[in-house]
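Letters A, B, C and D mark the chains as written, and numbering starts fresh at 1 in each.
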Amino acid sequence: MYNEKVMDHFEHPRNQGVIEDANGTGEVGNAQCGDIMKIYLKVEDDVITDVRFQTFGCGAAVASSSMATEMIKGKTLAEAWDLSNKAVAEALEGLPPQKLHCSVLAEESIHAAINDYRVKHGLEAWEEKGGHAEHQH
Amino acid sequence: MYNEKVMDHFEHPRNQGVIEDANGTGEVGNAQCGDIMKIYLKVEDDVITDVRFQTFGCGAAVASSSMATEMIKGKTLAEAWDLSNKAVAEALEGLPPQKLHCSVLAEESIHAAINDYRVKHGLEAWEEKGGHAEHQH
Amino acid sequence: MNTEKRLVYMDHAATTATRVEVAEAMVPYMTGHFGNPSSLYDLAKDSREAVDAARVQVAAAIGAAPKEIYFTSGGTESDNWALKGVAFAKRSKGNHIITTAVEHHAISHTCAWLEKQGFSVTYLPVDRYGMVDPEAVEAAITPETILISVMMANNEIGTIMPIAEIGTVARKHGVLFHTDAVQAAGHIPIDVQEMNIDLLSLSGHKFHGPKGTGALYVGPGVRLDPLMHGGAQERGRRAGTENVPGIVGMGMALSLAVAEMVENAERVTALRDRLAAGLLAIPETYLNGHPQKRLPNNVNVVFAYIEGESILLLLNRKGIAASTGSACSSASLEASHVLMACGLPHDVVHGSLRLTLGEETTEADVDYVVAAVAGVVQRLRDMSPLTPTELRSK
Amino acid sequence: MNTEKRLVYMDHAATTATRVEVAEAMVPYMTGHFGNPSSLYDLAKDSREAVDAARVQVAAAIGAAPKEIYFTSGGTESDNWALKGVAFAKRSKGNHIITTAVEHHAISHTCAWLEKQGFSVTYLPVDRYGMVDPEAVEAAITPETILISVMMANNEIGTIMPIAEIGTVARKHGVLFHTDAVQAAGHIPIDVQEMNIDLLSLSGHKFHGPKGTGALYVGPGVRLDPLMHGGAQERGRRAGTENVPGIVGMGMALSLAVAEMVENAERVTALRDRLAAGLLAIPETYLNGHPQKRLPNNVNVVFAYIEGESILLLLNRKGIAASTGSACSSASLEASHVLMACGLPHDVVHGSLRLTLGEETTEADVDYVVAAVAGVVQRLRDMSPLTPTELRSK
């Protein structure tokens, strides 16, 4: 069902865990739907110096978390904000159609964590572009 | 489908053919239904001294003709009249249910031949007992 | 019992032997790669890939895309599904179905049942060769018409219908077109695109594949209710755990049949014509079906004055396996509706004989059968009260 | 890919391998005795006799008469036929059907379709063990009720329903009673007479028979429309060329399963209990289904804080084949309706694991699986944001 890249990230998840002194965290999803993602950010000078995730969910959810965190590490918040679920799915070399929503969760949880950081630091929360109509779970 | 007895009578029909100087003949059935039986009788002193048949029809029709003619040969007309289709089927050790009507044809063709003889000889035709409601073809 | 050593199987339209290599390819999917294709684990992957590969094979054989192929349990299921599926899905659009008087019972009995459910069915007549007129199809279309179902080739008389022409008519009027290609597949070329076919039925055991397998081609955009409700197999359209070994066997058998089709058809057509010529030399014997537009392997003749079941029984004794449209050989005691629709009179319809050849049929088989049939026909004519004197022995 | 050498198949409720001796018995009916059973010639006789013999085997396994057994293409077809067949045949008598909330989709989706056709369906609730109350069945009967359909044993949680009691209720009220015995056959004793069952579904591949085979028991006097219209096969009730090899295999597999049932059930029950005990030792793990009244081979548990598909993927890496009711692993993205009906909260329903044992399962397999599952559960709990601190590693 999953390709090798997805399986690799599922089985050997990068950045799994918690950042005790995170300065931005975001959680999306709910247990009823079967997937929850929580992102921990360590931001220094507008750059994500460390990122961790915790995920309750299927293989695609774990792999998406793993890949997405890899992709934003070392990036500025603005760069990280621009990471789309499509880019995550592409970096994973594709997800089964019914699992695309997992990559959406990854994007959303990163957005939530970034805005958490921004609000905590007296900045305005960025607005979602509203282009996630495809998010169905 | 057919038992060995039926197949034996179908493949080696007894009394098949024509009696040129028959003094009683009977034909029943029609080509539309797929079976016709014709019986030729040679009657002497009320006894059937010879009998032949011609049959257009399936294996059961031929076997029933063969068996029925065997069963009435040497019998008086009254005895022959009493030959039931059930007796023919039993003598054949059974016919498939949908083929029982073939044994009915045998009974009816013998009746027709007997009455042909009787009428030709100034006797009254015997009446069918009317018990052949099961004859459906 | 067959009293001859020889066995000549001339009933390939009824069923065929599964090719040995096909049976061998199936066994590993019974005992080894037995996983349920819908499962997640590795064992299921083998099954899933095997099913996908078979789908590609079947699709290629009829010019379809793999995702348009749905595996079923046979031609009967495919026919039932196509008709009932479209009828129930389109009920609100219309209630009229057009078919012919010579369809297989899997179509005609399904239509009869749909009539009981309130649908209206036109059974188009055929000409003496069993051919339907595309213009008659067009003329039968009403605003209520939701489906046209015309078989590609007739199972009794082998007549090949003008499917492409009917496809054009159907497309022009925006009516769905189903064809029962159970007898055609592997014997004559099929292209669902070129022929404008929306739904097409196949049955595995008619081309040396396994019994209990079939497929329905469902073209793009065609909506139909499932016949088998349940699990999400076959993309949610045909429920039931996939018959993986059967599907593997069917795919392989069809792709082999198509690969060998041109060569086989040429060889078999020559044998067919030799057989027909031999049989037609018997007096008062007539060919059923179209003289040219017929399946390469089908010979169907009628002999006056005799009945088909007796012919079969005597041929069986000579090791020849054949078939007839006689009422006496059918469970319903009804004579072939196909021969009747071709206008054969009631009193000769019972004397039909169908011989359908196969890849293994030889010229010697044909000559043996011609001689055997001639003998059997004479013997039965001698026994029949209908036979005119000049046709009797001696 | 499985990185262990070991392969432990614990998904027998999904499908089973065809027994080698069964596959071997089938092959001759593919390539050799391939005749169409309906034909007249000798070749057909072998096929016909083989089908008859299989019918006797299947009948004997459920206390029926051979003439009450109709071969189908699987459990799904049998279920669809029973429900639609009775519904359409009895439409004029009434339009109400009673079933449960925990049936297989072959029943529940068929019911949903029948609702679209104007029938009315009562889906009875079950208790926390997945058990339906026979009194609730009785209370649901109205003058319009034409059919009760309650599965004999549940495919997900293994709960065995009070079939004999429901049979008594149905008989008392003169309502037809169908049971889906797909998971029960070959595992627990079945007697259609004693249990007052009118219709019963079987599926060959669930007891080491071939895929694509099934049967419907139809009791004396039960009228139902065909689902497969067409030829006169199966005494005119189920059209389609008989799948002779499949039928042979199914008959043989079922009679072997029943012969070995008592012994197997005892052995497998012990393993099941060992497995359940091992898994329930994992914290916050709960058993689904009835603690006693369950299939001998079924274990179904739910682990809090984690999701089932990930469990399966990791178990697969350890060579373990299993199943889950998680939405994430289903094509429809809906969580198990069975677990929901048992009252499992939405937020734990995704963490279920079904392990179904087989005759070849060993104690070593069980211990291996317990250890593997414990490791996997811990690993996923460590990853989950929901896991309370005291359940995390270190």
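The criterion applied here is as follows: a residue touches a chain if its C-beta (ideal position, glycine included) is under 8 Å from a C-beta of that chain, and two chains touch if they have at least 3 such contacts.
Heads up on the chains, UniProt names are A, B = Fe-S cluster assembly scaffold protein NifU.
Not measured: the values here are computed from a predicted model.
Colleague: Any chance you could name the chains that touch chain A and chain B both?
Modeller: none
Colleague: Leaving out chain D, what pieces does the complex fall into?
Modeller: A | B, C
Colleague: Between chain B and chain C, what is the separation of their C-alpha centroids in Å?
Modeller: 40
Colleague: Between chain B and chain D, tell me the centre distance in angstrom, where each centre is the average of that chain's C-alpha atoms.
Modeller: A distance of 56 Å separates the two centres.
Colleague: Pull out every residue in chain D that's touching 2 or more other chains.
Modeller: In chain D, residues 40, 309, 313, 329, 331 touch at least two other chains, as defined above.
Colleague: Among the residues of chain A, which ones contact at least 2 other chains?
Modeller: none
Colleague: Using the contact rule from the top, write out all pairs of chains that touch.
Modeller: The list of touching pairs comes to A-D, B-C, C-D.
Colleague: Please give the residue numbers of chain D that touch chain C in the complex, ascending.
Modeller: Of all residues in chain D, those touching chain C are 1-2, 7, 9, 11, 14-20, 22-23, 26-27, 30-32, 34-36, 38-44, 72-77, 79-80, 88, 104-107, 109-110, 112-113, 117, 203, 205, 210-213, 225-232, 236, 239-246, 309, 312-313, 315-316, 320-323, 329-332.
Colleague: Show which residues of chain B lie in contact with chain C when the two form their complex.
Modeller: 2, 7, 10-11, 13, 16, 27, 30-38, 54-62, 98-99, 137
Colleague: Under the definition above, what is the set of chain C residues touching chain B in their complex?
Modeller: 305-307, 309-310, 313-314, 317, 326-329, 331, 333, 335, 346-348, 350, 383-386
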